[in-house]
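Each of the two complexes below includes chain A, the first together with chain B, the second together with chain C.
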Partner chain A sequence: MNYDTYPEIRPGRKTLKRIYIAVMLFIVGRAIQAACRTDSTVRKEFLNFKDGFAFSLGVYPFGPWMVVGRDEKGRAKYLGWNPEGKKIPLKMNIKNVESAMLVFTFMESTSVAFARNRFMVDGDLVDALAIVRVLDLVEVYLLPKLIAKLAVKRYPKWSELSPVKKHLGRIVIYTRALLGF
Partner chain B sequence: MFLPDYYEFCARVKTVAGHRALDRIPEMLTTLGASRPMIVTDKGVAGAGLIKLVNGAMKGSKAKVGALYDEVPPDSEYTIVNAAAKLYRAKKCDSIIAVGGGSVLDTAKGINILVSLGGSNILDYEGAGAVKRKLKPMIAIPTTSGTGSEVTLVAVIADHKKKVKMAFTSYFLLPDIALLDSRMTKTLPPFLTAPTAMDALTHACEAYYCLAKNPLSDATALAAIRLISANLLKVIKKPADLQGRLDLANGAILGGMAFSNSLVGLVHNLGHATGGACGVPHGVCMSLFLPYGLEYNMHKRAKEIGELLFPLAGPEVYAATPLKQRPEKTIEFIRKMNQDLHDATGGRHARFLKEIVDREGRQMVPKEKLPDIARTAQGDGTKVYNPEEINYDDALMVLEHAYEGTPLDRRKIKKG
Partner chain C sequence: MQSPSYYEFLGRPKLISGKRALEQIPVELEGYGAARPLVIADGAASGIGPAIVKAMFDSNLAIGALFDGHVAGSTSGIVRELAGLYAARKCDSIIVAGGGSLVDAAKCVNIEVCEKQSAARFAGENRIHRELRPIVLVPTALVTGYEAARYASIDGEIIGSDFLSPDIVVIDSRITSTAGSNPTLVSGLTALAHSIEASISPGANPMIDAYAYASIRLLCENLPAAVRKPKNGGKSMAVANGCALAGTVFSNAPAGMAHYLAEALSDGTGVNPGIFMGILVRSLLKARLAAKTGFRDELCLALAGPDIYSSSEASKRPQAAIQSLDSMFNELGSGVPSNLESAGVSRERLGSAARQAAAASPSKLSAKECGNLLERAWGGK
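For the complex of A and B:
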């Protein structure tokens, strides 16, 4: 038998999709840092985390990821894309690139992605739920209503987030996310 | 039939059900490669003579019970798991037979995590996905017809200091064998049969309308509802009805299969939080929150809630109820079930929060605790799977109605 006629197949890396997800994670990570300095709800969520808290969100097994931590003042800090060598109490991984694409192209809300078993959560579930709330709010700030409604279960009512606060917050968060402060 | 774009369903627990199913234990242990099980149970189960039945079934076999741990409390916590895991190791056991209600079965799952994967603190494995490989052989023998834990991938274990209940989720938490024997639930008194069976009914109802519903969970949920609805009051009135007991046990396991795959929402969210904050038994919370879960999600799931009327009330009532009125009729039917159970148990089956009392007759859920419960519910994973968003204000609003026993004011429900 000629074994060479039975070739090994190396799966591709889906490079373009991974680049797209990496860019989205970078924007969301920096936006969480910015939102924590702009929105009181996000700030409160981070104040409730323990000292030294950090979480990673990314794609299993090769990434990309984003890492966000809580600094000594209780604020969110974007810690880059590489979780290696960092102490991360909460690791949230989407199980594969295609599932991550569904989430980051807003074809599936975070809740539906959880319900469809697309996430692996390693860490305190209470913290994970707080992160989901933060992500939902950040998406409301970053995305136009039409798209954000696909990403969150219930778009905030005016009584919960006034249009003025939302639009001003959006400008500030985008500016801070771009400039990184 | 509802067909989502994508779903997952896993029900790989071998189920052995019958009036003398316990007799199969020795052979089942052999097929699992085990011979020295640790029995995990509670004082109530042992006191009712149920462990004697298990031991009796093992007579004449090669298997020996390595240890009997009967100190699981009604609302087990992680320290119990850690202590029992030490005993398992000290007695060189090789498998677990869990005999009891939800608290016992979930404790046994926690013990199995520690003795299989190593470590001394179960909290290290909290969350979804932390348990990544096969555990030691486990046989689950429920003594209530409610929890469904014998076929679920989740263990709920409390931290009493923090007053929270934590979920441990993994397909590896599915026991190897679920064993339903009608003798094991025969002695369960009516005031416990009622809320535990309502717990099973809640699993099935929530499974039918929550986010991960799918055709297979729908099929098991509808079968569960039919069995429970047809047998619950019958068994409450005649506790020794072995066929009714077996039917209820089958309803509970089907409900367990359904919710283990489609998960649960608001009813469990508030139930876990109320249990964690005030120590209210899980089944009691389920009974009284179930109508509120249906009402809260009505605007998103009217069709599904209407469909529940068929297995609940039977074909005649279903056919005689106009399509538009079926969702309301379903809720009305469940409220009536709670009322009937309240009457049949001499008032021991609570219908609303302020009615719940402990053994000394003290109110278990004071009104001032409601904000705490609403806050705790925000940290419970089941909120993710509810069709409608549940924020702190939403949870508090539902709790206030459930406290008084009044229906929800639908205008107050924020619609997403």
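For the complex of A and C:
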């Protein structure tokens, strides 16, 4: 056998998919910050976290990521895309780009992906589940009902989130996410 | 259900099945401390090698080498060459994508690179005494039944060891749908025979029952459709799952009469043993039904399915199970002959096949009982 016929292969990168995921993570990160100032349920979840809490959500091993922390007033703050040099008690990584694409193209909801072991969690599992609940709510605000139903575990009933509150919240969250406050 | 007074069960391999399953390989291998696999892919089916390489994108892995040449059989020669490639490229794990002798060869490469001796020297039972390097199996069709089990074959000899089960079996429709109708049929029948024989063997235990139940249900419900349309990803994956589960069953229960007889008949005719296993296991169950012995309730449930099982009287459940099995074989159509005669076995061959199977069986099957089963199967009873 001529070994040269079978060369070593350095697998490449899926650049376009990573760019798409980076954009989605940026939008979701800023939207979490905005939702925390708009929605009482998200605010309560963040108030329950300890001081100095931060989490990263991204794709293993090369990213992209988003980092969101809790400020001294108990509100969510988007801390950028780079987890390096930051103290992050909860790291949530999706195991690969393709699994991340399933989540961010809403072919698989965050909770289903979590249940299917597509996430690697380094940190407190209780906090991780709270983040999954926050992501579900943020997706309800960000996405039209038709798509959001695919992306979340259970779409909230009218009694839980009235259409007026949802649509007003959507406008505020989009505005705050775009302007970054 | 009562727990047996004593039993052992080998719960390998780990199964990963479904959408984007291939892409889980890098992170799984990393868990074993491996970062440089040798990829052995079935060169006859196009697109398998590139699919594996693409699945490794955006990972910490480097593929030591991608071998997608032709492997005619698991022989010492090809195993030595592949072991040389593994060593030359400083690989630390193996990914094998395919089925049959390709998987046997990959397992034997693993033995050679770990034990630094010819794999053929380990032929027999339990001659390997330590963990080998991680091996990931990505099946197309599990045609021999050995692939996902604790066995490998080299130069016609069988090596059996708990360390030979693949560590991970990854079932992805992009790979399983490359198998044709015939390999799908053969692998399904082999798996079905192994699961049924394990279920009626004296060594059956609750774990074997659980795996055999899942395997038999998956195969009974999906095999005919997968054979008709092998490109149907959902059905081909269901059959691959059934076969992989049957591999674990086969690791834990000794091969039965249908297995040994099918191998003996195949030697003389060149027909794949899986076809004979399908014919023989049907006759075996009919013989048990006629003798009103050894037809366990768990097997009735697996073969008939919950609906038929629950609507049948207890005494008629074995009959209902046989009818369900018959209707599945009818759906398979002409791919499975109804008896050994139509499969091209001459009556004169039966005696020698019975003796050959009895001699090969470590569980001391008698040539007489083997002969009786062959007679039944020859007449399609």
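Worth a mention:
Just so it is clear, the second predicted complex is superposed on the first by the 175 of 181 C-alpha atoms of A that agree within 3 Å, B and C clash if a C-alpha of one lies under 4 Å from a C-alpha of the other, contacts with A are read in each partner's own complex, and residues count from 1 in each chain.
Quick note on the criterion: contacts are C-beta pairs under 8 Å (C-beta built on N, C-alpha and C of every residue); 3 or more make two chains touch, one makes a residue touch a chain.
Fair warning: this is a prediction, and the values are worked out from it, not measured in the lab.
Once both complexes are superposed on chain A, the partners chain B and chain C clash.
Using the contact criterion defined above for the overlaid structures, shared-chain residue A:155 touches chain B, although it does not reach chain C. In the superposition on chain A, A:128 makes contact with chain B only, not with chain C. Judged by the touch definition given at the top, the superposed model places A:120 against both chain B and chain C.
By the touch criterion stated above, A:105 is placed in contact with neither chain B nor chain C. When both complexes are overlaid on chain A, the residue A:41 reaches neither chain B nor chain C. The residues of chain A shared by its contacts with chain B and with chain C are 116, 120.
Remark: chain B residues 6-8, 126-130, 164, 166-167, 210-212, 263, 378-381, 383-385, 388-389, 414-416 touch chain A in the complex.
Touching chain A in their complex are the following residues of chain C: 18-20, 23-24, 26-27, 53-67, 69, 81-82, 84-85, 88-89. Those residues of chain A whose C-beta lies close enough to touch chain B in the complex are 110-112, 114-117, 119-126, 128-130, 132-133, 152-155, 157.
The residues of chain A lying in touch with chain C in their complex are 1, 3, 5-14, 18, 59-62, 95-99, 102, 108, 116, 120.
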